[in-house]
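The following pair of complexes shares a single chain, subunit A, combined with subunit B in the former and subunit C in the latter.
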Partner chain A sequence: MTMVVTSATPSRVERIVNRVIGVSRRSVVASIGVVILSAFALIAIFGPALVGVDPVHPYLDAILAPPSGRFWFGTDGNGMDVFSRVIYGTRFAFGIALPAVAVSLLIGVPIGLVCGYIGGTIDEITMRVMDAVRIFPTIILALAVVAAAGPSLINVVLVIGILDAPVFVRVVRAEVLALRSSTLVESAVAAGNPTWRILFVHLLPNAIQGATAQVAVRAAWAVRISATLAFLGVGIQPPTPEWGAMIRQGAELMSGGQWWVAVFPGCALILLVFGFNLLGDGLQDILDPRRKVSAR
Partner chain B sequence: MSLLQVDNLHTHFVTRDRDNQVRTATALNGVSFALADGEVLGLVGETGAGKSLTATSIMGLLRPPARIVEGRISFGGRTLTDMPPDELNALRGNEIAIVVQSPKTSLDPLMRIGDQIVRVIQAHRRMERTEAYQRALKMLAAVGIPDPERRAQALPHELSGGMAQRVLIAMALINEPRLLVADEPTTGLDVTVQAQILDMLRRLVSEMGMASLVITHDLGIVAHYCDRVAVMFAGRIVEIGPTAAVFGNPAHPYTRALIGSAPENFSLAAGRPGRGEPPNLYALPPGCHYVDRCPLADSRCAQMPPLVSVSAGHEALCHKATVTTHG
Partner chain C sequence: MSGSSFLRFLLRRVFLTLPLLLGVVFVTFMLVRIGGHDPVALLAGPTATGPQIEAITRELGLDQPLWKQFALYLAHLLQGDIGQSWVSGRPVLQEIGDRLPITAELLFWGIGFGALIGIPVGLRAAKDHGSLFDHVSRVVSLLGFSIPTYWLGLAALLIFFYLLGWAPPGMGRISLMAIPPPRITGSYLIDGLLTLNWEAARSAFAQLVLPVVCIAIVAAAPIIKQTRAIALEVWSSDYVRYAQASGLNSGMLRKLVLRNSLVPVTTFIGTEVTGLIGTTSLIEYVFAWGGVGQYGLNAIIQGDFSVVQGYVLTLALFSVIVFLIVDIAVMWLEPRAAMR
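Showing the complex of A and B:
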C-alpha cells in the first residue's frame, strides 16, 4: 500500500487523490464502473438542458422517423424524439434506483442490526419473514403491489425498496453476528454503554462495510426491476420517458423494422446496469479482506 | 466493609447436545472472596479454572449459554447480580472498569482513540467535548503514551499491541473507578513491555486508591504486584491469602504444584508437578476437584473438603491443609 500513516501528514486534497488512485489501482473493474456511472450521472444532471428537445413533444410530421441528423435516435410511434427521451430517462433510472436502495438501507440495516445483536426468537421470526419476502417471485409481488397501490413514482420506489430490504438485513445481520461475540462489543458493554449506543455507534459503522458493495449491486437490480415493471405496463406510464416503458413501445415495432425505438433505451439500460454491477463487483473485491493482498 | 464481595458464585454453561439433552458445564462452583478498598488481589489458575469467567460474571458480561445460577456479587453494598441494566451501565466503565485480554480487537477499529476515550467519559458524565478531550490526552500521557496529541488522532490499527493495551488501560481508568478488573492485561506482549505496563498500572492503581482484581496465570506477576492471591482450580478458589503467606507456605497441593511448575522453580529431578489435565467440567468429582491429580489424595477426598484456616487471612480448601503445612 502507498499509505504512509504516521510519518508524513499530507494535505486533505492530496490524501483524497492518493486514496482514489489507490482504490482504482486495486480494482480496475470498479474504476470502469465508476467511469460509466459518472458519465450517466453527468447525463442525468446536464443532459436534458443540453439536448433542448422536449421528450414528450410529438413531431406529427415525423412519426417513426429513422435515426437522422435531425433525430439522432429517430422518433417513436408518437413522433417523440428518442434521443431526448433516452437522455431524460436517465433521470428516472437514477431517480428510482437510488431512492429505492436508500429505502432498502433504511429498513434493512436497523432490522439487521437488532436481529443480529439480540438474536433469539425475535431474530428467528424476523428472518423467516425475510425469507418469505425473498422466496416470493419478486416481479409478481411487485406487479401485484404496484397494480394495487397505483403506478406512481413514489409507489414504485417504495415497493422496490421494501422488497429488496431483506438483502441488507441478511448482510448486516451476518456482520453483527460475527461482531457480537467480539471483545469490541464486550469492552463497549463493560464501559457502560447502553445497547442502543453499542448498536448505532459501534456496530453500525463496522457492519455497514459489508453492505457497501451490495448498494451498487442492488442499485443495478432496482434499475432492472423498475424497467421491468414499466415494460410490463404497471410502472411508470408512457409517454413519460422511462426506458422500460420505451422498450415496451419499441418491442411491438421491432418486427416492423423500426428497431431504433427499443434498441437505444435498451442499450442505455444495459450500460447503466453494467456500470452498477462492475462497481459492485469491484467494491466486493476491495472490501473482501481475504483478497486485499492479491487485489493490490 | 469490603468493596467487592463475591458469595458462593455458581456460573454454569447450560447447553443442549445433538440429542437435545441438557448439558451443564459447571464452570464456577461456589467462588467466594472479598476485596477491600485499595487492595490488589491476584486471581491465578490454569486455563479453564474460571478466572476470566469470574471477571465476566462480576462485570455482568455473561452471554448465553453462560449464566449465574446461584450466588451473589455485591459492590459497595449494592447487589450486582439482580441489578437492572440501566443501573449496571451507570456503574460499568464508571465505578467498575475492566481491562481485557486482547487490546487490538477490543478497540473500535473505525474510531480514533481520542474519541473512544471521550465516549467513555461522556457515557458517564456531562462534560464538554473539548474538556473531555483534554482529560483523555492527560490520561494517555499518564499511561505512558508518547506524544498523546498525535496518538489520540490514530486509529487502532496504527498502534502496536503494547500501545493498544495502554490505550485500553487509559479507557478503563479515565473515570477513576473504585475497582479495576485486569483480565490478563499483558498477555501477548513482550516481557519488557509487560513489566512497564504492570509497573504503570500498579502505580496508577495506588495513586488513585482503587481496588484491583488482577487475573493472570503468571505467578511472577502476582508475586510482584498483588497484596493477596486467590488460586483457582476447576471453578473454585482452592487457596486464598496474603501473597507472601500463600507463596511462602502453600497449603493446597495444587498451589504447590503451580509454584513448582513455574519456570524458575522447575527442575527435571523434581519431575513435572503440575501434570494432568483440567477436570471435565461436565462431570466434576463430588468432593475435591483436584482429587485425580493430587499426590496426597485418599478416600476422604471424595467428600467436599473444608475451608481450613492456615494462618491469619490464609485459607485453603483441602482435607489435608493443616497436616501438609506442618509436614
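Showing the complex of A and C:
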C-alpha cells in the first residue's frame, strides 16, 4: 500500500510539471499570462505582511503627498499610503473575481448540460431568457442590479456571477449538443445509466474543456466589472483599499495634476486583467488548434 | 430583391423581436422590485401624513398584486409613459429624448473610428498571420480589452489637458466661453456648422476629440480580434485557395477576402454596439458629457429607480434597433441570408 503511494506521488508531480512545460511551449501568450497572475497571487498572499503599513491609516501630516522615498506611490486625499492600498487591493480583486466565476460555473454548467442534453421546451425558454438579458449592456445591468440590491460584497459577487452565467451555459450547451448523438452517450444510455449520471459523469468531463478557457477570460471581466462598480460608488466603498474605489478618489484630482492617487491602482488593475486575458487567449489557442494553425 | 419580399422580411423580423421586447420590459420592471426600494417615501417627502402616503401608493398602483403592476406598467409603456423621476418629478421619456442625440453623436464617432482602425488591422493580421505585425496587434488588442474605459478617459485628461494643454478640460460638450448654437440636430458640432457659427463648431469639435478617441480604442480591440479570426477562416477556405492556385494577383485576392469577411464582421460590430453603449455611458460620466449615459448613471448612483428603469429600457431598445439595422445591412450585403 505504502509502496504504491510513494511511487505514484512523484509521477503525478512529474505529470503536472510536464504538462505546465507543454502548455508554455504551445502558447507563449498563455505563459506570460501565468507569470503575471502568479506574481499577483504572491503579492495578494504575502504582500500585506511585507509592506507592514496599514492601508487605512491617515497620515495627517502628509495629505496628497507625491511619490517619495517615504511613500513610494504617494498618499491620497485622506493621507493614506497609496502603495500599501494598491497591495491590499490585490486581495479584493482576487477575492471578488474568483468567487464570482465560481458562481457563474455553478449556475451555468448544470443549466448548459440540461439544456443541451434534454433540449425541448426547457432549452427554448432558457435560450430566449438569455437572449433578452443579452440585449442589455452588461456593465449597466450589473450597476443597476447592485444599486437596487444594495452594495455589499456578497451582492457584488452574486450579481457578477449570475449575469455572467450565460457564457458558460452557451459553451457547455454547444459541446453537449455535439456529444449527444455520439457512441459515448449511446452506450451509456444502453447500459441503463440514469439521466443525472449521464449528465454529470459522462458528459460533464467531456463538455467542460471549452469552459476552462473561458474561466480566465471571465475572471478578467469580473475584475473589471467589480472595479467599475466601485469607481461609480455603487460597489465597495472607500476607504476600503479596492482599486476601483481608489480610482474614484483620484478621479477629481487627475485634471489638477495629482495623478498618483488614480494612476497606480489603475495600472495594477490593467496588469491583472491583462494577465487573465493573456492566459485566456492562449488557452483558447491550445484547446482549439484550428484557431492558430488553419490558414494556408 | 423585390420591394415586397423585402417588406415581408422586415415585418417578420420586427414580429420576431416582440417576445424579446416583452422579456426586456419584464427585466426592467423587476429591476426596481428586487431591492425593495420604496418610491413612496421619496415622492411624499418627510412630512407626509398617513393618508397622503396611502394616496400615493394607490396612485402608483403599488397596492395591487405584482402581475397587475406589470400589466399597468406595460399599459403605460404602450402609451409612451415611462414614469417620472422620483427625485425631480420630471417625465423620464422627455428627459431621455432630449439627451439622446448627444449620446448618439459620441457613440457614432466612437464606433465609426473604432471600425476604421479595427477592420484594416484585423485584415492585415490575418493576411500576414504569424508575422510580427500579427503578434503585436494581438497583444495591443488584448491590452485594449484590459484597460478600464473610465481610467483611459482620466489618463487622457491628465496627459492632453493637464500636462500638454492640447485638449480642453473634460467639462461638457462646448467651452463655457462659446455661445451654443440653436438646437437643430442636437449635435453642437453639426448645428454650429449649419448655422455658420465657427467658434461654436470649433469648440464642440475640440471637446469631442478625447472622448471619441477613448471609445474608439475600446471599440477597436474586439473588432481587431474578431476580424482577424473571420478573415483567417476566409483565407483558408476552398474558394480562396482555388483563386490563389489559379494565380489571382494579391490585390484581387484581398478584395475577395474582404468581400467575404464583410458580412460576419458587420454582424459582429452590431452585437458589439450593446457593450459599447455601456462604455459610452462611463466616458460620458468622466467627461461630464450630459447625455443619456451620464443622466442614467447619476440616477443609478442616487437611487432614482424610475429613471434607471427608463434608462435601461432605452439602452435595450437601442440595441434591438441596432440588431434590426444590422439584419437589413446583412441582407443588402448578402441576399442569401434572407432565404433562411
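Note that in this section the second predicted complex is superposed on the first by the 278 of 296 C-alpha atoms of A that agree within 3 Å, B and C clash if a C-alpha of one lies under 4 Å from a C-alpha of the other, contacts with A are read in each partner's own complex, and residues count from 1 in each chain.
By our rule, a residue touches a chain if its C-beta (ideal position, glycine included) is under 8 Å from a C-beta of that chain, and two chains touch if they have at least 3 such contacts.
Just so you know, these numbers come straight off a predicted model, no measurement behind them.
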Clash or fit (per the criteria above) of subunit B with subunit C on subunit A | fit
In the overlay, answer first, second, both or neither for which of subunit B and subunit C A:133 touches.
-> second
So, A:162: does it touch subunit B (first), subunit C (second), both, or neither?
-> neither
Subunit B versus subunit C as contact partner of A:274, first or second or both or neither = second
Pick one for A:194: touches subunit B only (first), subunit C only (second), both, or neither.
-> first
More subunit A residues in contact [subunit B versus subunit C] = C
With the two complexes superposed on chain A, say which partner A:143 touches: subunit B (first), subunit C (second), both, or neither.
-> second
Quick note, subunit A centre (C-alpha) to subunit B and to subunit C: the enclosed angle in degrees to the nearest 10 is 100
Identify the partner contact of A:229: answer first if only subunit B is touched, second if only subunit C is, both if each is, neither if none is.
-> neither
Just subunit B (first), just subunit C (second), both, or neither: which does A:206 touch?
-> first
Could you state the shortest Cα distance, in Å, between subunit B and subunit C after the structures are superposed?
-> 9
Which part of subunit A faces subunit C closely enough to touch in the complex?
-> 29, 128-129, 131-141, 143-145, 147-150, 220, 224, 227-228, 231-234, 244, 247, 250-251, 254-257, 259, 262-263, 266, 269-271, 273-274, 277-278, 281, 291, 294-296
Touching subunit A in the complex: which residues of subunit C?
-> 19-20, 23-24, 26-27, 31-32, 34-35, 37, 126, 129, 138-139, 142-143, 145-148, 150-151, 154-155, 157-158, 161-163, 169-170, 229, 232-233, 235-236, 241, 274-279, 281-282, 285-286, 296-297, 300-301, 303, 305, 308, 311-312, 315-316, 319-320
Where on subunit A is subunit B touching in the complex?
-> 5-6, 181-184, 186-195, 197, 201-202, 205-206
What does subunit B use to touch subunit A in their complex?
-> 59, 61, 63, 85-86, 89-94, 97-98, 100-102, 105-111, 119-120, 123-124, 154, 158, 168, 171
